[in-house]
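Shared between the two complexes below is subunit A, which pairs with subunit B and subunit C, respectively.
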Partner chain A sequence: MAHYAMVINVDTCVGCNACMAACSQANQTPVWDSSKFRTYVHDEEFKKDGRWVRQFFPRLCNQCDNPPCVTVCPTGATWKEPSGPVRVNPDVCMGCEACAMACPYDARYPIDREDVEQAKAYYGEEFLKRTHPAVDKCDFCWDRLQQGLEPACVETCVAHSRIFGDLDKPDDLVTKIVASGKAKTLLPELGTGPNVYYVDKLPEGLANE
Partner chain B sequence: MTWQFPKMTRRSFLKGTGASAFGVTLYRPEWIKLPGPTKDETADWGQTWKTREAYSICNYCSSFCSVRATIEERNGYERIVKLGGNPRSTLNGDKLCARGQSGFRQVYSVDRIKGPMIRVPGSKRGEWAFRSASWEEAYAYIASKAKAIKPYEWTVYGGWSTCSFYIPETFTFTLANEIPNLITSPTQNCVFNGHLGTNSLTGNYVVHGEVIEDYGNSDYIIACIGNASIGGVSTCRAVRFAEAKEKRTKVIVLDPRASETASKADEWLQVRPGSDLAFMLAMLRELMQGGHYHDTFVRVHSNLPFLCYRDEHNAWQLYRSANGEPAVLDAASGQLCFLPAFSNRNDADVAGQAVNPALQAPAGFAQDGKALVTVFQAQLAGLESYTPEWAEKITSIPAATIRRISAEFGAAKQPLLQPGWSGARYGNMQMLRRTQALIQGLVGGIDRAGGWLFGAEWRNQVAYMQNHIGKPGFPPMGRAGMPFVEWTAKRFGDPNNFSHGFPAWSVVHRDSIEKLSAHWAAMPTSTDVGFLPAVKGELKYKGKPYQAKAILLNGTNPMRDAREKVWKDALSDPALELVVVMDVMASDTGAYADVILPESSYLERDEPSIYGNGVNPDDMLITRNKAIEPLFDTQTLPDVFLKLTGVLSGDEHNYPRALERFTGLPADRLIALTEKFRAQKVRDPFNQALRQVRFEGKAEELHVAPDHLEKVLREQGVYPVAQAQELLDKGGMPWKRPLPTPSGRAEFFSTLYGDMRDTFGLYDNPFFDVLATYIPPRERANKAVDAPLEDDEFFFTFGMVPTVSHCSPNNDFLPLVGINAFRGDVYHGVWMHPDRAKHLGIRQGQKIELRNVVSGERTEASAYLTHLTREDTLFMYSGFGAKTPALRYASGVGTALNRITGDLTEPVSGGTSNQEYTVRVRAL
Partner chain C sequence: MNETLHLLGTVTTQNRWAGLVIWYLFLGGLGAALVAISIFSHRYYKASARLTLWGVISGEVGLAVGSLLLLFHLLDPSHAWRVLLPWNVFLNPTAWITWGTQFLIWAMVFGLLYIWPILREPKAGGREHRVAEICRRFAGPLAWLTIVMSIAVAVYTGLLLRSFPAVALWHNPVIPMLFTVSALSTGLAYLLLVQYAVLREHGPLARAYERFDILLIVIEMILIGFLLYGVLPGSGSGRASAELLMGNMGWVVGFLVLGLLVPLLLEIKGSLRAWNSPAPVMLAAVLVLIGGYLLRHYFLTAGVYYFPWTNAHHLGVLGSDVVTHVLH
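Here is the complex of A and B:
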């Protein structure tokens, strides 16, 4: 069984937003509302060693091992796949948004009826992947995984900042990075068990793999 | 589970050609996937609809990235559902930036031009008041207006498509119709103003970038005014830069604000705006004085050892034989030797005797009464006063830092000084890029691993020119690089080339105003300098009025990308009797059209040509294959050019004949194929004729069947020919073959600038100096660069945002609009340091007014307070501020850069110096 995970190398992310664009088109998200992307690249400014620095910080659903959003879902519309991704079935979702409130990472957002209507014009009625409102989220591009493709954001990342793989495979770069102990997760103290890791730099010896 | 993680192993892209895998030197990161999943792997995954793929080239910057479109077919409908990089291309692999990813939104944009349109009677230009028309009506309208307009009264403004793709088509269209006036954009500001400086050393001139930086093999990287090509973002360069970052290569970035690129630097040096040249001159001095140069490159392959003297004007001239051959001093014999005038080497004289060129001539060395020194000595002497302490005063970077970085750069194995992208900004920009090229040349980092690599296509073009020029059958446009530019300048500038006897208005304008006055430029080729006076009836040629009466703007948007004041004035003037705009989408310029001709988008058309793979150091062929049939009543540019040639010259065959004369394509065959395709009711008969003829030509060259070439390019998107290392070993320039400079060597002493200097007698003008020298920035006309600013006064800088392309309406594409909105005022506002803002009582997000102190222009903007810019410098991203409501998502978002950037040009190539002023700010 696979155990999908993503590592984000903050050192190389150049803030180009290719991931956001690729994700939106691959998953037909409501791009007309800037608060409804599945992934974001935050443009941050802070002081480090006495100097102001700019840093780009990509963010997406952490596909938690203990996903609070799944725990609170009253209808079973959201669940965790054995291989890791946390998915949503729009046909079962009743739009209560309990999941969105439970998520400590702010990774879920509602797609409402108006969004579905607008999607008909924008993505083409014949081509819609989603015809029912739901509280949407990143699922590591589940459809693409089934096709043998990486998540859209990873495939297009011009800086190799987003690295994807299977933690059950020792040769995958993500496995090596996570094994190095240098990778960190967001809010680990909550016990959610995120599967999105962050590194400040690629550990020595792992470049160009 | 059938899913398998794509393997990250190194794979040869030349599977089909039997060549071996890459050697040690890779010119791309290994994590770019090559090749990606094939159709077989993706075939059946439980869905009921079908997908197919089409391969193309991105249209959203000049990087030329290879694109793979995924098309779904459902219930009889077809739709492009995804774009990505083409994994088979070693240029960008499976990577594509946000603009590229969103490219297919143009196809489905609600703001597309869906058919020809004619402005309604009684409306004014700029109002976007059109009625739809048929193509026949549109051509008839143009024909009726054109009757009273002479060929030289026409101007063709070629934009996006022209710049990167349709150069031969556009140049020959103007020549076929005897139109001497051609403006190309973004060439003027993107390319000429900056690249000309680089080109003076290398002889290059490629609009989609001359070189690709081999970041992955470099161990020390410096960039200045260079965000556009890394963080701005050029995918094919960004992937290579990221590889360097992964390897922990040291990166130094000079920028007044924390650009995307600066944010990736190990050292971000907050240089004073416009002062980068001072930094680079001090660095050049440190390197030359410290002996940090590549001995073989400078002595054998550059003109640094050439002997020179000061002439009667006190200007440097190369010492030459009566036959024009340059001279060096042989280190072994101490004798002066003449070298072949054109060669890539200095180690044999004209008689074939071995020479060991000296970099320094002894004091008092003279010949024919002329005191001779080497170019190396002349340059070093010229740099004498440019100490790090001198540069500190101008740049505000400590002298010790400049000294340390110079030493680190000089000691690095493969140092790389990024050549930069986008020019304009400052009058000294060309000299800055020249100095950067001199530094990169000094360390021998040209066409060599870890340095600047020429694209394979470019090297092929140079080789073709060098092997064929002067021989029968060599077409004039077979020239490459600066020789092509020089040919163009002469072709359009010489009245004898036109039966009407009028040269380009840009040349007439130059020669009718005072030399070095505000809008004077020595080489105004392809710029808009002089257009407004031509519209205003201010030009005379040989006593006759020279009036610009008609313009065809193709895929360009000067109302946003050039000087708004100038273009609004020109396009609103009734003296300009006819404005024809061809474009895919609405634009602020389109609003000023009398007739709009709709172009098929880049994903709806087969390209009429085969290209190299942009700046890819691997030799791969690429073209555009239509992903879907055109959705609307649109046409391709070549077919419109053919029709318009019929309208303007009375015989459409003049166009294929001009193509034969200038590019060597067989006219009769083009005409016959066009007729054949017309009979078959092919939508774009001339476009397809051109494509077929060029495919046949290329196939012959490759010794393959045209069908095979076509099949590979349709099914795989690229046709691999040869690998980078093999090409470098065989034809690296100037190591193995001459550069396209006049001497074939890397020209530290610039004959390009020397010729302009001598032609116009500008002997003591630093803009025309043959050597690197200091040109002060002109932001503050009569004040020292470090004199205090007024309380509300700032330097002003701008940069490219990674989500909007220069000249393109993709600020109207929804995923990008949403992304931009998420970034908010970081993208849409004007960056201001909080300390200055506090002093002026300006709060985060407050509306402010900016006033250009020099031009008096005013504009409003939103204040974005950030510590990521110098206290004395405002910064704004370009690409916003569209006005026409016909762009419903872009309209009114952000501030248009060109409403504040003034009207100052630089005197060499007429580029817009759009950062040379200060602005004063007040809260609204």
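Here is the complex of A and C:
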């Protein structure tokens, strides 16, 4: 059984936002609303050692091992796959948004009736993947995983900032980075067990892989 | 060169669960408390039939209106039928909404069955008469089923918030107790209003309600004090919530002073030496009801999320206008 995970190398992200574009096209997200993305790249500035530093910080659903969004769902519309991704079935979801309230990472957003209508015009009615209003989130591009492809954001990343892999495979770069102990997760104190890891730089010896 | 990952932070509130959900939490708590207190009083304190009907029917209307508001809040209400099925508690037992929906439905059903023989005096021999007879015969078990289910609804409104781990103001064991005590207090206030303003029943039951309400308000104050000064200082999210609350005049003056302290003083004075007119008791009751709404309003709007990134030029998916700090 696979255990999918992602490592984000903050050092190499150039903030081109191609991941956001690729994701929105692959998953038909409501691009007309700037607050509704499955993945988002934050443009950050901070002072470090007396100098101003600009940093791009990509984020997405952490596909938690202990997802609080799943336990609060009263309809069973969201669940965790044995291989890791947390998914939503829009045909079951009633849109109470309890999952979005429970998520500590702001990874879930509502697709309302107007979004579904607009998607018909934008993505074409006959190609529409979603016909009901529902809560939406990143699922590591589940459909692409089934075809043996990587998530769209990973495939399109020009800077190799997003690295995808299977933690059950010892030879995967992701597994080696996580095993090095250098990679950090977000808000680990909440006990959610995130599967998206962040590094400032790739550990020595792994940079050329 | 320091090569550790540099995480920045944003503290923000949410407006995802706002208006309609706040009214639902208020009406759900008030309605459930009304049903529970009315039936308990009818069964054990000889409350009049008129007061019982007023209490239970108002409570049921509150629960029904609250549920309808929640339905309007859903992205797709046509999918809500799944949570109405009783066996959903076996399919999705980890979600409090699953349990809350069932508590609410059964509180309404059992409550209606309990008051059925009081509400109508059907002609002997008919089917309706037989139903009324059964309800009368099982009045004891029906009363307790209703009371347990109603109290569970009031507790659930707090447990629902407790299940959101990122927000310290919600994710603590005080909140279910606080919401339950507040719900019972608003229920008593409503019944006092009915007794004084509508039915003009100024009997011993009304005085018992006043005294019980004093106790509830004192417990509510202790719980809020413990939450603000015992629980919230333990985390960044909690400290930000405490700052938002204590820096807000609506919370301090509207809720703490007018919604808790003033009705408490009015009720203490009334129970020591009775007022000459019903006006102060009615004023206290109205203030308690407004306070019950304000508690839920401020608790939902002051729940603070801490995100380990900055929201530069982006308000985040939560869509809140309130970004209080950027932490470095």
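Note that the second predicted complex is superposed on the first by the 209 of 209 C-alpha atoms of A that agree within 3 Å, B and C clash if a C-alpha of one lies under 4 Å from a C-alpha of the other, contacts with A are read in each partner's own complex, and residues count from 1 in each chain.
The working rule: a residue touches a chain if its C-beta (ideal position, glycine included) is under 8 Å from a C-beta of that chain, and two chains touch if they have at least 3 such contacts.
Only a predicted model underlies this, so the values are computations on that prediction, with no experimental measurement involved.
Of the two partner chains placed by the overlay, only subunit B lies in contact with A:Gly124; subunit C stays clear of it.
Contact with neither subunit B nor subunit C is seen for A:Ala179 once the two complexes are overlaid on the shared chain.
Applying the stated contact rule after C-alpha superposition, one finds that A:Glu155 touches subunit B and leaves subunit C untouched.
By the touch criterion defined above, A:Ser34 lies against subunit B and subunit C together after alignment on the C-alpha atoms of chain A. In the superposed pair of complexes, A:Ala22 makes contact with subunit B only, with no contact to subunit C.
When the shared chain is aligned, subunit B and subunit C each come close enough to touch A:Glu45. Using the contact criterion defined above for the overlaid structures, shared-chain residue A:Gln55 touches subunit B and also reaches subunit C. When the shared chain is aligned, subunit C comes close enough to touch A:Glu97, but subunit B does not. Residues 34-37, 40, 43, 45, 47, 53, 55, 201 of subunit A lie in contact with subunit B in one complex and with subunit C in the other.
By the touch rule above, subunit A contacts subunit B in their complex via residues 1-2, 9, 11-12, 14-18, 20-22, 24-26, 31-37, 40, 43, 45, 47, 52-56, 83, 122-124, 126-127, 145-150, 152, 155-161, 164-166, 169, 172-173, 201-202, 207-209. Partner subunit A is touched in their complex by these residues of subunit B: 1-6, 8, 29-31, 33, 37, 41-42, 45-46, 72, 74-75, 77, 79, 81-85, 94-102, 104, 108, 216, 230-231, 233, 235, 238-239, 241-243, 245-248, 258, 260-264, 268, 802-803, 814-819, 821-823, 826, 866-868. By the touch rule above, subunit C contacts subunit A in their complex via residues 2-8, 14, 16-17, 70, 73-77, 79-80, 82-83, 88, 91-92, 94-98, 101, 160, 163-166, 305-319, 328. Of all residues in subunit A, only 10, 34-37, 40, 42-49, 53, 55, 57, 59, 68, 70-77, 92-98, 100-113, 132-135, 184, 186-187, 190-192, 198-201 touch subunit C in the complex they form.
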